[in-house]
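In order of appearance the chains are A, B, C, D and E, and numbering begins at 1 in each one.
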Amino acid sequence: MSPLAFYPLAFVCIASAMGVVLSRNPVRSALSLVASLFCLAVFYVFLQAHLVAALQIIVYAGAVMVLFLFVITLLNLESDRGLGEKPVLSAIGFGAGAIVAGGLIAALSRTSLGARAVTLVPTFGTTKVLARQLFGDYLVAFELTSMLLLVAVVGAVVLAKRDGSYEGDEQEAAVPARSEEASH
Amino acid sequence: MTQAINSGLPLIVACSWALLLIVVEMFSGDRRFVGVAWMGVIGLAVTAAMSVHYASVPAVYGNALALDGYAVYFNLLACTLGAAAMLLSIDYLGDAGIVRGEYYSLMFFAVIGVVIMAAATDLIVMFIGLETMSMAVYVLAGIRKSDLRSNEAALKYFLLGALASALLLYGVALLYTITGSTVLADVSKALSDTQHAGADHLVLLLATGLVLIGFGFKIAAVPFHLWAPDVYEGAPTTVTAFMATAVKAGGFAALMRTVLVALAPMRAELAPVLWGAAAVTMTLGNVVALRQTSLKRMLAYSSIAHTGYLLVGVTAGTNEAGSSVLFYLAAYGAMNIGAFGVMAALARRGRGCEKISDFSGLAQTHPAMACAMALFMLSLTGIPPLGGFVGKLYVFTAAMHAGLVWLVVIAALNSVVSAAYYLGVVRTMYFDNAPADVLPPARPYAAVVVAVAAVVTILLGVAPSPVLGSAARAFSKVLLG
Amino acid sequence: MIGTVHYLALSAVLFSIGAVGAVVRRNVIIIFMSIELMLNAANLAFVAGSNSLGSMNGQSIVFFVMTVAAAEAAVGLAVILALFRNRQTVAADEIALLKW
Amino acid sequence: MRNALSLLVLTPAIGALLLGAVPNGAEALMRRLSLAVSLVPLAICVWIWSVFDTSRGDFQLVERVGWLPQFGASYMVGIDGISLLLIALTVVLTPIVLIAAAGSVHHRFKGYLVAMLMLESTMLGSLVAIDLLLFYVFWELMLVPMFLIIGIWGGERRVYASIKFLLFTMVGSLPMLAAIIYLAMQHGVGAGQVGNLSFALGDLYGTHLSPVAAQACFLAFFLAFAVKVPMFPLHTWLPDAHVEAPTGGSVILAGVLLKMGTYGFLRFALPLFPEAMVAASYWIGALAVIGIVYGALVAMVQPDMKKLVAYSSVSHLGFVMLGIVSLNTAGVEGAVYQMLNHGVSTGALFLLVGVVYERRHTRLIAEYGGLWKQLPVYAVCFLVVMLSSIGLPGLNGFVGEFLILLGAFRFNHALGAVAASGVVLGAAYMLWMYQRVMFGPVTNEKNLKLTDMTRRELATVLPLIALAFVMGVYPRPFFDVMRASVATTLAHASKATAARDLAAGNQPTAHAAAGASIRVRESPRHVVAEPEGGGAAAPAEDSAVPAAGNGEAH
Amino acid sequence: MHAAATEVTASLPIAVSYLRYIPLAPLVGVLFHVALGYRLGRRAVGLVACAAVAVSFALAAKAFLTVLGSAAGTVVTDNVYQWLSSGEFTANVTFSVDALSSVMIMVVTGVGFLIHLYSIGYMAHEEDYARFFAYLNLFTAAMLVLVLADNLPLMFVGWEGVGLCSYLLIGFWYTDPEKASAGKKAFLVNRIGDAGFVLGAFTIFWALVDLGQGSLTFATINARAAELPAWASLAGALLLFVGATGKSAQIPLYVWLPDAMAGPTPVSALIHAATMVTAGVYMVARLHGLFEAAPAALQVVGIVGAATALLAATIGIAQTDIKKVLAYSTVSQLGYMFLALGVGAYGAGIFHVMTHAFFKALLFLGAGSVIHGLHDEQDIRRMGGVAQKMPITHATFALGVLAIAGVPGLSGFFSKDEILASAYAGGHFGLWICGVLGASITAFYMTRLYVLTFRGKFRGDHHKWDHAHESPIQMTLPLMVLAALAVVGGYVGVPEVLGGNNAFAEYLAPSVGHHQLGLAAGTELMLMGISVAAALTGIGLAWVMYSKGPDADLILKNKLGGLYQQMREAYNIDAVYDALVVQPLMRASDALWHSVDVRVIDGVANGTAAAVNSAGEGWRRWSTGNVQHYMLTVLVGVAALILALTLSSLIGVAG
């Protein structure tokens, strides 16, 4: 992948990531997150991870981000004042972030990764090869993820579904909101 | 092939039992879900029994899971602690306004998560196990939806958990990029090869650092401990009991396997970090616990302190130190389940039982409960001849043997500080006199669990050899070479 | 020529941005999104790694990471919803009942 | 009977559990049951005394049961002369305290009796334990019942006092745990592998430690025992604990608990670290003498009777420590005997202070005056006990103090002379207190209504007074019991002490010869192949079960 | 077993078993009084008390006669049991009677019996009757143990026992705080002396152990004294002498005796005149071998004796309380005894002990009878002309005065003269001059006392004079017996120069050695003349000055000026001791308690606790509840770790 393509795309990706963090309106930050996901998908293609790129767009950008947008609109959140109120917190945050990024980049720049010249098999990154691996070496992991998803769904249902344990619903069964108030 | 199947049976049975639980829950009518609870407990018992039965044949799944002695030990530990937590919850939930049957299935899934973490020999499988457990416990923490503190606990636990998982994952990613594999044994072999020494040394250091931080969060080591007090205090007491014992054990299972197997070659650089973490965690946990007025929050900080003591064992890193951590986890589990059990037994809607002052004069109103609580407090302090003392003794001996003399002295002095607040509780129960509105009588199920916990604590102190032996056997085959 | 290091560097930057985002923003959902960003950074690192190693493991790991992220999203949003229903706020500093 | 010692230790504990079952109402039943239970150890002790072979200096009636084979720690109990005497003191004091409890303790009576019996059980346990870890277990366990006794049945500032007592002792004893582990490990260092760790005292006698390690371990042991004694700078917990503890608590605290510190020095610190102990004997002696004078001086100005007796305990135990550090037969035998005397006289003093406290509920000396006219029997008892405490010849205090001063004088003239001044100061504060309380006109009209001692109170004090007379006039049986054991203990440090005495200019005391002459039976397994041959050969520990079986494959 | 004193013939031990009953009898008396005293009434108590002492007296006499009858140097011993043995130290309860102790036990039991008899009358209207006789019997028992003991530890038992009884008896009327603190003062000063005694015993013991024979029996000490290293014998002797000064009220530890007058008069007679105070003299005489081995120590004894004699005599002149005068006179006479020991005349010292016991007991009991008759009037300035009302007391008291003044023919003359003669013979002229001067002053103040009390007109209030009456027979009979003894007592030791054979000295020779004066008869007679002259001048001067009444004191006052006031207040040495020792001690202990105990040690303890708590509070505030802060902490933690690892690896690589 030629530098001409990499750098502008990288720039867009980073800009949209910053957009997620800086924009005041949650919807705009959600959309900028979607933008950065797309850039990543493009990178995946360049890295010959075709199926992963497709999954990224369908699963991630499609399903997960939609869920986010759905929740944001459901709670009709108005924009808050962004980074304005806590300058100290933001300053320290950015400082620490810079250190982390700097440290990682410094470490990575000194690794011997560059020296690995590996010619990839043409079928690298295709669905067939990935599938054979998923159901071969990673069969156990694959089955376990199914259980993970089941737990997530059950959990989501338990928490999100309205089932009468709030004051609004049934008065008698409701628990006084601040019953076990720990008065400190 | 059949041999692989039937030795994997415990895990398969466990998962199917959990699914069965959800189905049964749908059809159970009464609001207290006693049936589901007992199903859960029996399920755990079956899993434990089968894993012991099949323990003789260590099954290795490709290189994802290894149901070896180590995994079986944790399996047993997690199942017993999970069952205890479920029994505690039977009559606690109804009163606490939790009308969700899924409580037990989620707890069951959490136990399965712990088992996977203990058995995993591949970082990714371990990660998935970690996430399964975490998902279940995030929901359990927030299960009392009407109570703000429970919601807040769930949110904090979720956010920080997600952050920690991201950190852990990034560490694994770097490790994968450099060493080419995520299987613990391969990673360890790759790390020990000389060619990685030079240039990649720094990246490897950072990667191991990030992985350590990921697990550090799970066992609530300082400075990644801030979530623990709030979540322990916010979550329902029985969930806190489960978290403080089984979840922490899972965290340590994964941490130990990773640090002592995969990252073994890096241990030279890691030792000072671990040493520092152990010392600071112990001291902070004990010192802040001194200042607490809520018993739940105090027990949270006390569990942080005990993480510090356990880290001493991990820092030592020898075979003996590993088994001492295993034994300590068992003793610590029994003590804590008991302590939280007493709180659960006496809590009623509208009359919380979380502040230490609620326990004043307990010796006069509930002599049995007070005696059990005193026993747990003494054992947590490390007063002989209880389980806590033998646990500490074993860890200190191992650490001393590995040359960490000063760390042991710091731990010894920490025990003195811990005596101040643990015996502060005993003082409140025995010295002060009971308030006007006396605490209600203890609940039957909870009382049974507390009694069993008390007996186990005493047995671990007086006749610990069987457990000591199994801990040593369990850890004997974990270290490579 | 763009090598694996460039991609890893990019993932490091994204990772840091996500981390910073999680810290500085008040809105819980934005924090959550930042964490998702960090996960994506990890994915990028995995893919870059698998490309440099020439083995497909990395990509299957990405697959698992995505499922975990999805699960996390589901539970996370459920938690946020439950909290919102009680407190009508998603500002992190207003949710500070449990302290000291 | 085979395992007399285990029976001795367990009976009070079992009694306490039985007592727990008694319904709260039946006070009389509780009293009788608790007394009966406390008499059983007394009977066992008498039996042990009768069967005790005074010629043997090493441990007798040894029982050994595997407890923690992984660590090489075992439930190993045995006694020698010194521990037998202290056990006798414990089993005598506890029934007396239980009798006194009926009069003085009113609320949660059953809890008090249970705590007292548990306390007796733990104290006996630590006196018979000859496995270092088992000793540590009982040493820590002793704190809990005492903590409860001071905390629940104490005076106004009982909570502060009980926590201070607990933390002071724990700060001392936990570094000792680290030292014990280090010591046990050093023993196993020969075979490298942890398995061959051993906490048995017999094995540990010969352990070789680098001088620095020996010094450090000795300091850890010293700290733990010095807090308990209490020695000078670490003593401030004692006045608070005594003042706030109920009468029975103070008696047992002064009578037995304080002796654990000095017993610890003799049983553990001296034999395990002979060179370090001898090297440190000068500054420990100095601390002891400071303790004597400081305790006496501060006692002079105490307004509160119990605090005065507490500071007198600091002074008396300063004497005991001086006796131990003199490391010659007279000094150490005097020290052991003074431990018994202090238990008898100070125990009686606290009982008597309790008598008056029950009636007037104040301990301030100023509140009393001219009691002799009101309570003649009380005054006479108080007089005899006071005289025994200040060491009047003919009573027990004198014998101990005389021998300690004799030994101390041999060790170091200056220390001996200053300690002798302690005797004078001791008489001063006691007589002054006695005069302000007993003599002079009756200043406070409340004192006019005081009634003399009841039969129950007399029953608690008279045995102690009789004991004081017997121990003063005919101390032979006690000395016979401890002679061989003291010689064996000193034999451990004989080489180092002889060197010290030579350096100090007086001939090596005959005891070095006496120590060697007392036939210390060598058992082949224990002879440590030391270049000098003799030296600190560990005394034969002829346990029934060969002690080698520590920690093979479990 | 008992090596005899150097120049003493080998002693022949006669083992008996009745000696133990001598101290036991009074002990039985004590038990009786304590147990049954209050129930059986006065008569029984008095009877039992006197009977007990009588039994002791009989047994003592039997022992005395045995020793007297058998060959010189015989020792009657009764080994009861081994009291103590630890390492090299052994102490047995062994009673032994040789010449020296036979004299002492006869004096103790004899005079004791008379005083018991006298007390029945004196304490007749006292309600705590039984308690008094219990103490008296206990004292007698303790004194007998002291005298009969055959080794230092057993002697020390008696030594402190008598100290205790003097404390109890002085503070007998305990309701008066004055008297109680006088008792306490006596015990404490004795205790200081006893500390010296104990240290002395240790020095000697360990020195003997170094010689290979560790034992504290008197025989061993005296036998091996010469072989002791010089420093050991000197230090031992001096420390033991400190004990003696404490017990026998010599400088500097005599301050307790004048205050001891607070006790009932028979107590003063028995304890502070006849028996207890002589214990110090007896001890030094008993250990003469040791003192001879350290001549410097003997010098000190002599000088202290002489100084005390003079000092106490001067104070005696200015006292107005009848008992105080006698008290200072006792201190002075004890000075004489120590002077005798100082010059090596142990026999003379003991002889003076015996004679002093007789006449000083007589004087005290006489004074008691006067006080009793005048209803507790003790100030001699408000007495006078008592002779008419109390003829027997007057006669006996007069005899006593003559005896103590050293008028020839009476016992005082013989014993005092022998001391002065020995002093002169030994070449100690300074001591001799002090002795003579002291003798005249003694004569002066005794005559002053006699004249002011018995002569002239009664100066007190008439009410007392009208009721004054002679004491009952129980009191006057002992007076008469003692008067007889005071007169006859001297003839036991008449010196050769006056035609006697000095039987007393001969008798004591085996125990304490007897060395001839070695003076020409002429010089001896000349010395005798000088001392008689001194005595007579004292008597005459006092008689002339005081026959007109007490205002003669004014003459002395303006002649001696400020000195007289000092003498009146006994040079207020009490105030000096109080300022130098007691007050600083109290202030120090108060300061120690508050500053060291409370502020320093507790300060440190509570300080650390507070520090740990504040650290806890600080870290507790760290969890603010806001998720963002938690996230920040995690991020900062990550950043810190990355930074640390990068730096360490860079240093590692570079290093």
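Note that contacts are C-beta pairs under 8 Å (C-beta built on N, C-alpha and C of every residue); 3 or more make two chains touch, one makes a residue touch a chain.
Here the structure is a predicted model, which means the values were calculated and not measured.
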Greatest separation from chain D - chain, by CA centre: A
Centroid comparison with chain B (C-alpha atoms), farthest chain: E
Most centrally placed chain, judged by C-alpha centres: D
Two chains joined by the most C-beta pairs in contact, as defined above: A-C
Separation of chain C from chain D, taking each centre as the mean of its C-alpha atoms, in whole Å: 65
Chain A and chain E: spacing of chain centres that average the CA atoms, whole Å: 101
Separation of mean Cα positions, chain E and chain C [Å, integer]: 98
Between chain B and chain C, centroid-to-centroid distance (C-alpha), Å: 26
Of all residues in chain A, the ones touching two or more other chains: 86, 89, 92-93, 96-97, 100, 103-104, 106-108, 111, 113, 137-138, 141, 145, 148, 151-152, 155, 157-159, 166, 177, 182, 184
Sites on chain D at which at least two other chains make contact: 167
Residue list for chain B, restricted to those that touch at least two other chains: 124, 128, 131, 135, 138-139, 142, 145-146, 148-149, 154-156, 159, 163, 167, 177, 202, 205-206, 229-230, 233
Inter-chain touch pairs (all): A-B, A-C, A-E, B-C, B-D, B-E, C-E, D-E
Residues on chain C engaged by chain E in the complex (per definition of touch): 19-20, 22-24, 26, 28, 31, 92-93, 95-100
Partner chain A, residues of chain B touching it in the complex: 15, 18-19, 22, 61-62, 64-65, 96-100, 102, 105-106, 109, 112, 116, 122, 124-125, 128-129, 131-132, 135-136, 138-139, 142-149, 154, 177-178, 198-200, 202-203, 205-206, 233, 293-294, 297, 349-350, 352, 354-355
Contact footprint of chain D on chain E as seen in their complex: 34, 81-89, 153, 156-157, 159-161, 164, 167, 171, 174-177, 180-181, 184, 187-188, 191-192, 194-195, 198-199, 202-203, 205-206, 209-210, 214, 585-586, 588-590, 592-593, 596-597, 601-602, 605, 609
Complex contacts: residues of chain C adjacent to chain A: 1-10, 12-21, 23-27, 29-30, 32-34, 36-37, 40, 43-44, 47-48, 50-54, 56-57, 59-60, 62-64, 66-75, 77-82, 84-86, 90-91, 98-100
Residue numbers on chain A that touch chain C, as the complex places them: 1-3, 6, 10, 13-14, 17-18, 20-21, 26, 29-30, 33, 36-37, 40, 43-44, 47-49, 51-52, 55-56, 59-60, 63-64, 67-68, 71-72, 74-75, 77, 80, 82-83, 85-86, 89-90, 92-94, 96-98, 100-101, 104-105, 108-109, 111, 113-114, 116, 118-121, 124-125, 129-130, 133-134, 137-138, 141-142, 145, 148-149, 151-153, 155-160, 166, 177, 182, 184
